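Next come two complexes, and both contain subunit A; in the first it sits with subunit B, in the second with subunit C.
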Partner chain A sequence: MILKLKTLLFDKIWEKLMFAFITRRIIQAVIVMLIISFIGFTIKHHVGDPVRELVGVSVKASEREALREKLGLNDPFFVQYKNFLKNAVKGDFGISYFFKKPASQVILEKAPATLELVFASSILIILLSIPLGTYCAIKPKSILSRLIMGMSIVGVSIPVFLTAIMLIFLFAVNLHILPSYGRGDTVPILWGMWDTGFLTLDGLKHLILPVIALSSIMLPLFIRLIRAEMMEVMQTEYIKFAFAKGLSKKRIWFVHAFKNTLLPVITVGGVQLGIMIAYTILTETVFQWQGMGFMFLEAVERSDTSLLVAYLMFVGVLFVVVNTIVDIIYGFINPKVRISGTK
Partner chain B sequence: MDKWKKFKESYFLYSFLRDPVAIVSFVVFVFLVLASFTAPFTAPYDPYDTTTISIMDSEIPPVWLEGGEKNFVLGTDSQGRDMLSTMMYGMRVSIIIGIGAVLLQAFLGVVIGLLSGYIGGRVDAFFMRLADIQLSFSTLMVAIFISAIFQTAFGVGKYSEYAVPILVLIIGLAEWPQYARTVRASVLGEKEKEYVEAAKVIGFGSRWIMFRHILPNTLSPVFVISTIQVANAVMSEAALSFLGLGMPVTKPSLGSLINLGFEYIFSGSWWITIFPGILLIVLVLVVNLLGDWLRDVLNPKLYKG
Partner chain C sequence: MKKIFYSICAAVLLISASVQAKTITLGVAADPIALDIHVQLSGEMLAYSHLSFDPLVRWTKDMKFEPRLAEKWERLDELTMRFHLRKGVKFHSGNTFTAKDVVWTVERLKKSQDFKGLFEIFEKAAAVDEYTVDIKTKKPYGLFLNMMTYLFPMDSDFYTGTDENGKPKDAIDKVAATFANTHESGTGPFYVTYREQGVKTVFKRFADYWDKDCPGNIDELIMNPIKKDATRVASLLSGDVDFIYPVAPQDYAMVKNRKGVKLVTMGGSRIITFQLNQNRRPEFKNADVRKAIVYAVNNEGIVEKIMKGEAVAAGQQGPKGFGGYIEELKPRYDLKKAKELMKKAGYEKGFECTMIAPNNRYVNDEKIAEAVAAMLSKINIKVNLKTMPKAQYWNSFDAQEADIQMIGWHPDTEDSANYSEYLVMTPSKETGYGQYNSGNYSNKKVDELVLACQTETDPDVRNAMLKEIETILYNEAAFIPLHWQNLSWAGKDNLDIEPIVNIMNFPYFGELVAK
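Entry: the complex of A and B
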């Protein structure tokens, strides 16, 4: 009876703590989003003149003034910010000055290219880093591990755009076996909403070099991370106990140790997303890959403020959502986080 | 003289002389730094001086290839500048920005780390949440976004005029959290020790204790991070310049040289991109290797692993 009461009480406390933790995380996410939107709005407010973008330079000053009034550009700063937020929630970031289309529509059209690139690289990274990282942790003294670790420090030292340039130089310019830029042939799927390069031979060929380039910087990082975590796990008592119990080595490595290696690797996923976004911008620029990163840089060059702000907000939302989810999942797994509120 | 003797017998020098990788990296690093900072005297040409540049000399291949000229050992770029000289000057720009950015981030990070570790409470919570949030955005991404915003706000002309201080500021602002976290962690460890208590009892003020007593004891991780951070800053600068958000072509860093040469790679003038690329890789690699070695020497915790 007392025991039952105790567990009941514990459950209540646990529920409360979890609720408080999740609420705190969500409030924090909202604050970060507000700050990002404020930065976005400030850029939009101070850079470029939407009236000139709309009508050009050959319109009378009085007509301009009328248009300004109509668009609400003479309102106080915070009234404009409120309107900006209202529209942003609806997904309306204004018209892209270069594409003459809503900025959010431009981003959605460019998104598939980037997502396919990221997806293919992630698969490559997962398939390679797990076996290589584990091997380096299990046999740290072997020649192959040393070779892998040596290669990984060289890999970390080569900027991703240089890897990309050298790949182009070698395979496209000198050997002529792979194409150097663009996405190649794409076919529409999902009722025309998504143009994919996965289904044509040409599209796949165009995918090879960018994927290798994008993976080249993340792969060494993941190998090192997995190796370090795995080596730490291998030192723990329960692994020693498992060996003492006489379990097979393979079972200990892949079932007991590996499970606990993955947790820290998954929780840095939020940061990896940011690294990935930064490197897609670089990779897409080198390969003229028609994705969001390439679009972003073009928007900067053309001072296409609406598009630039829309991209910033899009990445901001993606980020905050992913990080909040990762944090909450981590909170469920690791009880220490919930109470202190910090990692 | 006494200090020299102490240095000669130190573990630091001993482990340095035992590590061939560290020696080679150090020699290469010193050579590169010397080559770049003595460039005004040792470089065969001055790439900033437009009167000595002739467009007729553009895209001359390196001397060992057909069509190469003795005057231009590594060939010339698309504007007729000598590659060797331009690279030496470019590396100087890269190193200056790298070190400047690291100084700025170290200053910001150390001050913030000391304050949040020593004062604790709200100050600590605020700065550490800020650091968490900023770190979750990945430093290169933050740097790309800040520079994009700056460039749109100032216009390309003004931006490239003040590119060096702006880049130092951007990379410095993007990477302070690493320092702040490390310093804070060491401060938390040091704060509880007897010598701090003794200093408090004597009646020293908080500022004096923070900067004169605690700071010196937190410096070794700061040195280790700084080496790696110089490599990172040089890479970030190169990435920004490659994207056209950094140094202008008229005063190129290694990154903008690579960017400049990239379009010519398809027409066969590969040396404009590949030479600065190799130089950048070598520079970053030796700094990284030195950093790895320094971490092993200064951080005895790692010995167990």
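Entry: the complex of A and C
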């Protein structure tokens, strides 16, 4: 009876904490958005002149000035920023000059490509880094472990775009077995909101090289991280005790040790997911992968400023969401860590 | 049994028939910013104009005029030219092409922000009858036919009226998805069936195309922009696309050595130069100093080492084939002479100055700027170089932030005088001349000659004037000439590339033959 009451009470508190936690995160997200939008807006005045990109070189200065006036680029900074915020609250981030559509719509159209790329890379990283990392930790002296560690050093050291270009030249140009650029055939799903490359053979083929390129930095990093964490865990008292107690090796490795290895890996993983989105900029550019990263770089080069600010804000939201999810998962895996709702 | 056999035969026939339909994929650096050909004056836009539209006349490979929608033309007086239009030409919408479409298009060109500069000189176009049109200029104009290569008649009926949003269909807008930006109806060999901006445009051959002698046999053309030079080359070498342009000079050797693909290059008309700002640096007012700099810059070396031989070192503005070209005005690298000139000018000890250049606009622009800076140090001019992306460069260029600034120029008119109008005429806000003359070079005689060229309609007299301009600029070292960039295209062996490419870099894909 008392026990039951205790759990009930505990659930109530947990709910309350959770609610407070989410609210706090939302407030944080709003503040982050405001800061990002301000920074984005400040730099947009320095990335270049959108008017230049819209007109031919021989157009007279007076014509350019007229266009600038029409686009509202001559207003003082704070007037422009105020107008932007006013519209942004309503979900209007301005019109992309190049795509001639609302910036938010362009981003939503380009997001599936990037998210699929990141998702496929994450799967690849998880599927490979966990077995390889644990193997290297359990058998640190075996030749295979040394080979994996050696390779991982190489992997971490080569820049993503170089890996990407080398992959293209090996598999597309010389061996002719994989396509060199783009997403291939895509099919619309979710009532046409999402174009996926996962459902066609051509789309999957196009996915292989970019995924490998994008994983090339994170995969070695995670193998090394898992190995290091696991080796540390293996040195702890409770593992030694488990061995002394005569538990089976497999149980110790894969249940007791592995669980504790995961904690730091998840934390780092959350942060790295964000960095991976940054790396998509490079990967997508090399592979002409029509996602958000490629779009962002193009927007910078074309001074397509509305798109640029909208992208920064979108990525900001993504970061906040990913970190929130990581924090929640963390609480589930390690009951010792409680999400702090109040301070 | 027989039935099955026949149906198999039929299926085989069908398949082989569909194999006959030729589809090629193009990898280009950028796609046009919209489907409205008047929204921007740029290389991509003009290349697209030749796909879906036809001009009145067009350039041949050897820079002659070739009749297209105009069958023949004659001068009525010194202001007016009469064009006899081709009969039986259909627009993609099914409408018939007549003189009123030409009149309508000229009116619209005069409203386009990008084209109005070029078409300002034209007073109006008037239809004489259904297939005859008189086009009149405000004053005698030497480049009448040059401008007619930009006159791609649009389907006036198709573009008249309002769209579903109540906006006029003929509105020219750079940033909105207007009717004209998203629909096309021209007379060209291909019509657009699908378009996703920046991703893919699909063109299908127009069955009612007027030019029955056109040798082209491509049924479907897919245009994919591929931004990165390395990726574009890789996509050709891997067989994913059939034709690419441009090809970066560092990849020429790879394409040449590869079986199954070929490279075609041609000297271009884009001149790369440095301008010496005389308002910022009194030293540059001295012609001897300017000459010393020209003598100190080994532009033949730059062409050989940095451009890998795929450019033509220049001593003047316009390349061979242009009216003002003079064979004798050669590159003049001579370090000894450069030092003598510096001594003569009293700057033996040299001086320090600043230089800016873009780093993603012209082929190898950053490397070229670094090389020139190093060359100038040999005559004791210490150059502080700053390079920046093109998105930022042009504002710095206009603000004349540095003493020495790089600029490349391709004349829209394919004529020598255009270089001078923009690059060396005395800068003036009122007239708009000398818009990109950041050197502030000014010479009355040059100004007069360039203006006189505009109204001179006798080609021989005009060429003599153009030659005089080039000579003055050469003798006064008005700017530092570097080279004319080569143009480059590459494609699979089955494509007959040479006949369709030209110095303007608008490949005539309608005439592309695939074996």
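Everything below uses one rule, namely that the second predicted complex is superposed on the first by the 247 of 343 C-alpha atoms of A that agree within 3 Å, B and C clash if a C-alpha of one lies under 4 Å from a C-alpha of the other, contacts with A are read in each partner's own complex, and residues count from 1 in each chain.
Following the convention adopted for this analysis, a contact is a pair of C-beta atoms (placed from the backbone, for glycine too) under 8 Å apart; a residue touches a chain by one contact, two chains touch by 3 or more.
Predicted, not measured: the structure shown is a model, and the values here were computed from it.
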Return first, second, both or neither, reflecting whether A:L312 touches subunit B, subunit C, both chains, or no partner chain. first
Classify the contacts of A:S180 with the two partner chains as first (subunit B alone), second (subunit C alone), both, or neither. both
Would you sort A:L115 into first (subunit B), second (subunit C), both or neither based on which partner it touches? neither
First (subunit B), second (subunit C), both or neither touched by A:I275: first
So, A:I325: does it touch subunit B (first), subunit C (second), both, or neither? neither
So, A:V59: does it touch subunit B (first), subunit C (second), both, or neither? second
Under the stated touch criterion, which partner chain does A:I165 make contact with: subunit B (first), subunit C (second), both, or neither? both
Looking at the overlay, what does A:E301 touch: subunit B (first), subunit C (second), both, or neither? both
Quick one: is A:T285 in contact with subunit B, with subunit C, with both, or with neither? Answer first, second, both or neither. both
Which residues form the common part of the subunit A surface touched by subunit B and by subunit C? 46-48, 165, 168-169, 173, 180, 285-286, 300-301, 303
Which residues, counting only subunit C, touch subunit A once they are in their complex? 27, 33-34, 40-42, 113-114, 116-118, 174-177, 181, 197-199, 224-228, 230-231, 234-235, 237-240, 360, 389-392, 394-395, 398, 412, 422, 429, 432, 435-436
Residue positions on subunit A within touch of subunit C in the complex are 46-49, 52-63, 66-67, 71, 95, 97-101, 165, 168-169, 172-173, 176, 179-182, 285-288, 290, 294, 298, 300-303
Any idea which subunit A residues touch subunit B in the complex? 28, 32, 39, 43, 46-48, 153-154, 156-162, 165-166, 168-169, 173, 180, 231, 270-271, 273-275, 277-279, 281-282, 285-286, 296-297, 300-301, 303, 305, 308, 312, 315, 319, 323, 342-343
Help me check something: in the complex, which residues belonging to subunit B touch subunit A? 128-129, 132-133, 135-138, 140-141, 144-145, 148-149, 151-153, 231, 235, 238-239, 242-245, 258, 262, 265-266, 268, 270, 273-274, 277, 280-281, 284-285, 288-289, 292, 305
